[in-house]
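Below, chain A partners chain B and then partners chain C, in two separate complexes.
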Partner chain A sequence: MTLLVEAQDLARHYTVRRGLWRSPGTVRALDGVSLAIAGGTTLAVVGESGSGKSTLARAVTMIEAPTAGTLRIDGVDVGQADRAALARLRTRVQMVFQNPYASLNPRKSIAALLGEPLAIQRATLSARARRTAAREALARVGLGSAALDRYPHMFSGGQRQRIAIARALMLAPALVVADEPVAALDVSIQAQVLNLLMDLKDSSGIAYLFITHNLEVVRHIADEVAVMYFGRIVERAAKRTLFEAPRHPYTQVLLAATPTLAPRRTPTPPRGEPPSPLAPPAGCAFHGRCPLAVDRCRVEVPALRQVGETWVACHLAG
Partner chain B sequence: MRGGALAGSPSTNALVALWRSEAVRALRRSKVAAVAAIVLVLAVGAAAFASWVAPYDPYDLRSLDLANALVPPAWLDGGRTTYWLGTDDQGRDLWSAILYGARISLAVGIASVALAVAIGVALGLVAGYAGGRVDALIMRVADVQLSFPAILIALLIDGVARAALPQAAQSHAALAVLVVSIAAANWVQYARSVRSSTLVEKRREYVQAARVIGIRPMTIMRRHLLPNVLGPVVVLATINVATAIITEATLSFLGVGVPVTEPSLGSLIRIGNDFLFSGEWWITIFPGTALVVLVLAINLVGDALRDALDPRAR
Partner chain C sequence: MALLDIEGLSVAFGRPDSPIRAVDGVDLAIEPGETVGLVGESGSGKSVTALAVMGLVDPPGRVVARRIAFAGRDLAALTPAARRAIVGKDIAMIFQDPLAALDPCYTVAFQIGEALRRHGTPDERRSARRRRARALELLAQVEIPDARARLDAWPHQLSGGMAQRVMIAIAIACKPRLLIADEPTTALDVTVQAQVLELLARLTREHGMALLLISHDLAVVAQSVSRVAVLYAGQVMEEGRVPAIFASPRHPYTRALIDALPEHNVGRARLAALPGVVPSASARPPGCLLAPRCPRVRERCRIELPRPAHGEGSVLRCFYPLVPRGAVAADMGT
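For the complex of A and B:
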């Protein structure tokens, strides 16, 4: 079967001007990322700020075109697709954003917000049909139809995120890209929203590209996990494998640093700071902070290779 | 809380009706806004129907008699009941002149602001949303525009119009020239305001959400960005109606504006200015008061409208 999403060496570089007298720099926000998502599964992408998670989300949702690499959705190469094919692909991938206070246009009623995807992509539908569809979507996220004629500011953060999820469902997508969908919510609400997302997965077979920095969230929802560092995937494995036997030193540090209710030992944060995106280090980007780094790490970029059931980008793994 | 109009038929017409009723509702809530709205409606009504409301036609030169010049208001010594606000130096009934003058002032003010808003908002939206070279080009044109005083631009446009148009068409075109001149001098403010709001708003996630849905850039600008950047513009525009009225008066003073035989509020004030020191204060004070009341009412209604159009403030 064809994979739902297939990314090959996806890259997104930004040119940054640094004033009149200095040459422009290049930020490699996304640097050769390959991943695959099968229908109905959840790939969680974890990493610290600036690791390229959100850039990956924008590439997969086709908001931003990658500067290199290929992206296939339903087996169709997005870079080569014509307008009609692109329009169809857009209906297959929808997105839930981090901040439900910013992702809903404050001047539109909920009915208008939910009806809009249909008005754009299914122009033949009548206004009445759109409204009915909006009511059904609200019901699926646990909100009543009284919400239809209200405005976003009348809802709490958790309710807004439910509305944002309902909007993502309007086009019956195969993949929902969720960029930190619970990070802006109260902890008590986070679980509700996560459970809602999981219920939707079970009932409609939606796949998720779930972007987060919260490993507890990953533990809760993921089938597969990809760890990103500095624009690259450093380790990719099934959830259980990754949590039980992390192979990459960065993953190991990350897991050890997760606070728990009963800490057996003091977490050891990674040494040092992440390198400057404008002056990336030679070799493995992690070598400056890696407790195991050897000379080879300082000159040669490790490729992602299979070790056991894990894909890992480290010279020393295995 | 909300009327049944939307629930019954969520069509565009129903929405428009709803917005209007929200605006009316906001006016009812605030006494100040309600009074301002009533004053504004009366003023606009009196100006629009000046030919029925006014006792004389101040533009009919044959009816003017210099023997009636500089008559004081009716309640002063030498005042006549036929001219209750007195007359100007040409013997024009001041009350009639104010009504007719307000009509010209309002028409020029509103038309020029509408034109400036249309140009400025469109260019500001495109500059802010497109960014890069398009933005740089539009904003540099705006900068150049700002370096010319409004008066200079108006004189320039007027000069070109005079050279290009036949003599007969010029008096007809005078108002249009005024409107275009004032709009050309003012669109930059709207472009800048809208551009900066657009820069803020386009980074917000609802714009990205619109892109994920597959909405085209023009539609995103019109349907998502425009309503969210229009708030400051409404306030700016109401204040600028007043500024435009004053600019129009200045231009009339320089001989570029309305013909002297058809004075606007601004030109009445200017005429009266010459007589302030000789004791004929009414020629400038009454049109001046009319202008202040008019401008204040416009501003207060503008404030109320802005609040009413923002669902967050409800």
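For the complex of A and C:
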């Protein structure tokens, strides 16, 4: 079976100016990330701000070309594809953004918003057919057809996120990239939207690349989990393996820092804060905060390697 | 005597003939040194409650209360000047977005000094050198690494976690007896959140300071306070001790909030979601505000508004509450 998405050593570096007299710096937002997503499965990517998870989402949705590495979708190398092939690939991958207040154009009706992907990608379709398709998509996300002629400001945050999901479904994609899709929603609404995403996966076999900072959400929706820190994947494993036996010290720190309802001993908070992206530390990026760091960690960047059923980038794992 | 004693607090916005009730009859008491949480979804009135205590609700917002007392003094009866002498000194507040709360045009040392210049000891009010020394002490207290170098830093040079520590330093500069923290960790990463919560816990413990922690995140509250009030659409639905209130909630809304957490659905295919949305503050249902969404709703709930029933260390506003775990099964409502 060909994999839906296959990324090899993806990198995205940005040049940042640091004032008139200083030389420009380089931010390695994404620094050699490899991953694979099979059809109909969910890969959750977790990490804190600045870990590169949104840059990864932008690379996989082909919004931004990576500066290095290869990305294959449906077995087609995106970097080598011609315009026609790219246009076809873009229908296979759709995106849902974090803030439904910003991702829906306030001046367009819901029918126009949902019809837009069809107007671009299926130009032969009549306006009536687009409207019918929009109505069907709304029904799939649990909204009535009365919504068609309304505007985004007339909906609550949860309803807007449903509309954004409906828009992502219009071209029947194989992969939906969801960047923090429930982070802006209240907990009771968050549960409704997560349920919807899982129902859609069951009914139409969509795969998700699910970007989030919330480990509890990951525990619920993921099949596989990749933990990112500072532009790299530090651990990748099946969900159960990752939660039961986290191998990277950063994953362990993240799990311990996530608050839960159940009372427990005072958690030991991790030391320090993530390093500045303009002054990356030598060796393992986590060594300054790692409780286990040894001399080797300060010098040598650990490669991702297999330990048991887990892929982990740590000198000490295993 | 309670340090902070609120009775029948209501805050309304909009025109008097069609008021939008953001807070609707909230009672809340905080003892000296006690840590209390206020949880609720957006629009539940948790922030407006805090702003009303601080006297920061501007017209056209209208604050009405039977009593808002701090250490026995009725805040509403004080002159604005007398109230300002308390707010910022005995009651301090920190906000969700620390980088928006700090003034970008002044250094860290200056902004800490500002609080001392107004509310500090006579010595601190007179001497800039004394204020600077105290600012350094405070930065060390909130565990800012390399505190001396940070004194002359500008807010844009601080990370989010660092900026929140500076805000906390400003808040505790005059040794307040009550700290109100409004979503203090919502804008922070989870590892930094753990550090800031730990810091708040240490400060309340060491200084005997009371804490009112406002958050939408049940888990954050569960880890940080000893008592919780659950707000919905401007009313307290349930209040009780931690962890009992989370282990066996009595109100269907508290139950629903807990059930919606992924943490409580491990291994299940779907989350238990509460249907519908919070009623808007201008279009309220006539009976219980939760009635349109409540799984246990009956006829009476749609007509009549339940009154809060006070128990020992607990409050409950429901006609048909859940039976607490371990109690003899008896339907309380019928």
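Basically, the second predicted complex is superposed on the first by the 318 of 318 C-alpha atoms of A that agree within 3 Å, B and C clash if a C-alpha of one lies under 4 Å from a C-alpha of the other, contacts with A are read in each partner's own complex, and residues count from 1 in each chain.
As a convention for this text, a residue touches a chain if its C-beta (ideal position, glycine included) is under 8 Å from a C-beta of that chain, and two chains touch if they have at least 3 such contacts.
Quantities reported herein were computed from a predicted structural model and do not represent experimental measurements.
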Is this a clash or a fit when chain B and chain C both end up on chain A? fit
Using the superposition on chain A described above, determine whether A:124 touches chain B (first), chain C (second), both, or neither. neither
For A:151 in the superposed arrangement: first (chain B), second (chain C), both or neither? first
For A:98 in the superposed arrangement: first (chain B), second (chain C), both or neither? first
For A:63, decide between first (touching chain B), second (touching chain C), both and neither. first
Using the touch definition from the top, say if A:217 reaches chain B (first), chain C (second), both or neither. second
After the superposition on A, what does A:195 contact: first (chain B), second (chain C), both or neither? second
Once chain A of both complexes is superposed, is A:259 in touch with chain B (first), chain C (second), both, or neither? second
Students often get this wrong, so check: with C-alpha centres, what angle lies at chain A between chain B and chain C, to the nearest 10 degrees? 80
Looking at the superposed set of three chains, what is the minimum CA distance between chain B and chain C in Å? 18
Once the two structures are superposed, pull the chain A residues common to the chain B and chain C interfaces. none
In their complex, what parts of chain A are in touch with chain B? 58, 61-63, 86-87, 90-91, 93-95, 97-99, 102-107, 109, 111, 116-117, 120-121, 127, 131, 149, 151, 153, 164, 167, 171
Residues of chain C touching chain A in their complex? 41-42, 145, 159, 161-162, 189-195, 197-198, 201, 216-220, 222-223, 242-243, 246, 256-258, 260-266, 269-275, 277-278
Hey, which residues of chain B end up touching chain A in the complex? 2, 6-7, 9-11, 204-206, 208-215, 219, 224, 227-228, 310-312, 314
Considering only the defined contacts, which chain A positions touch chain C in the complex? 48-49, 156, 158, 186-192, 194-195, 198-199, 213, 215-217, 219-220, 253-254, 256-264, 266-267, 269-270, 272-274, 289
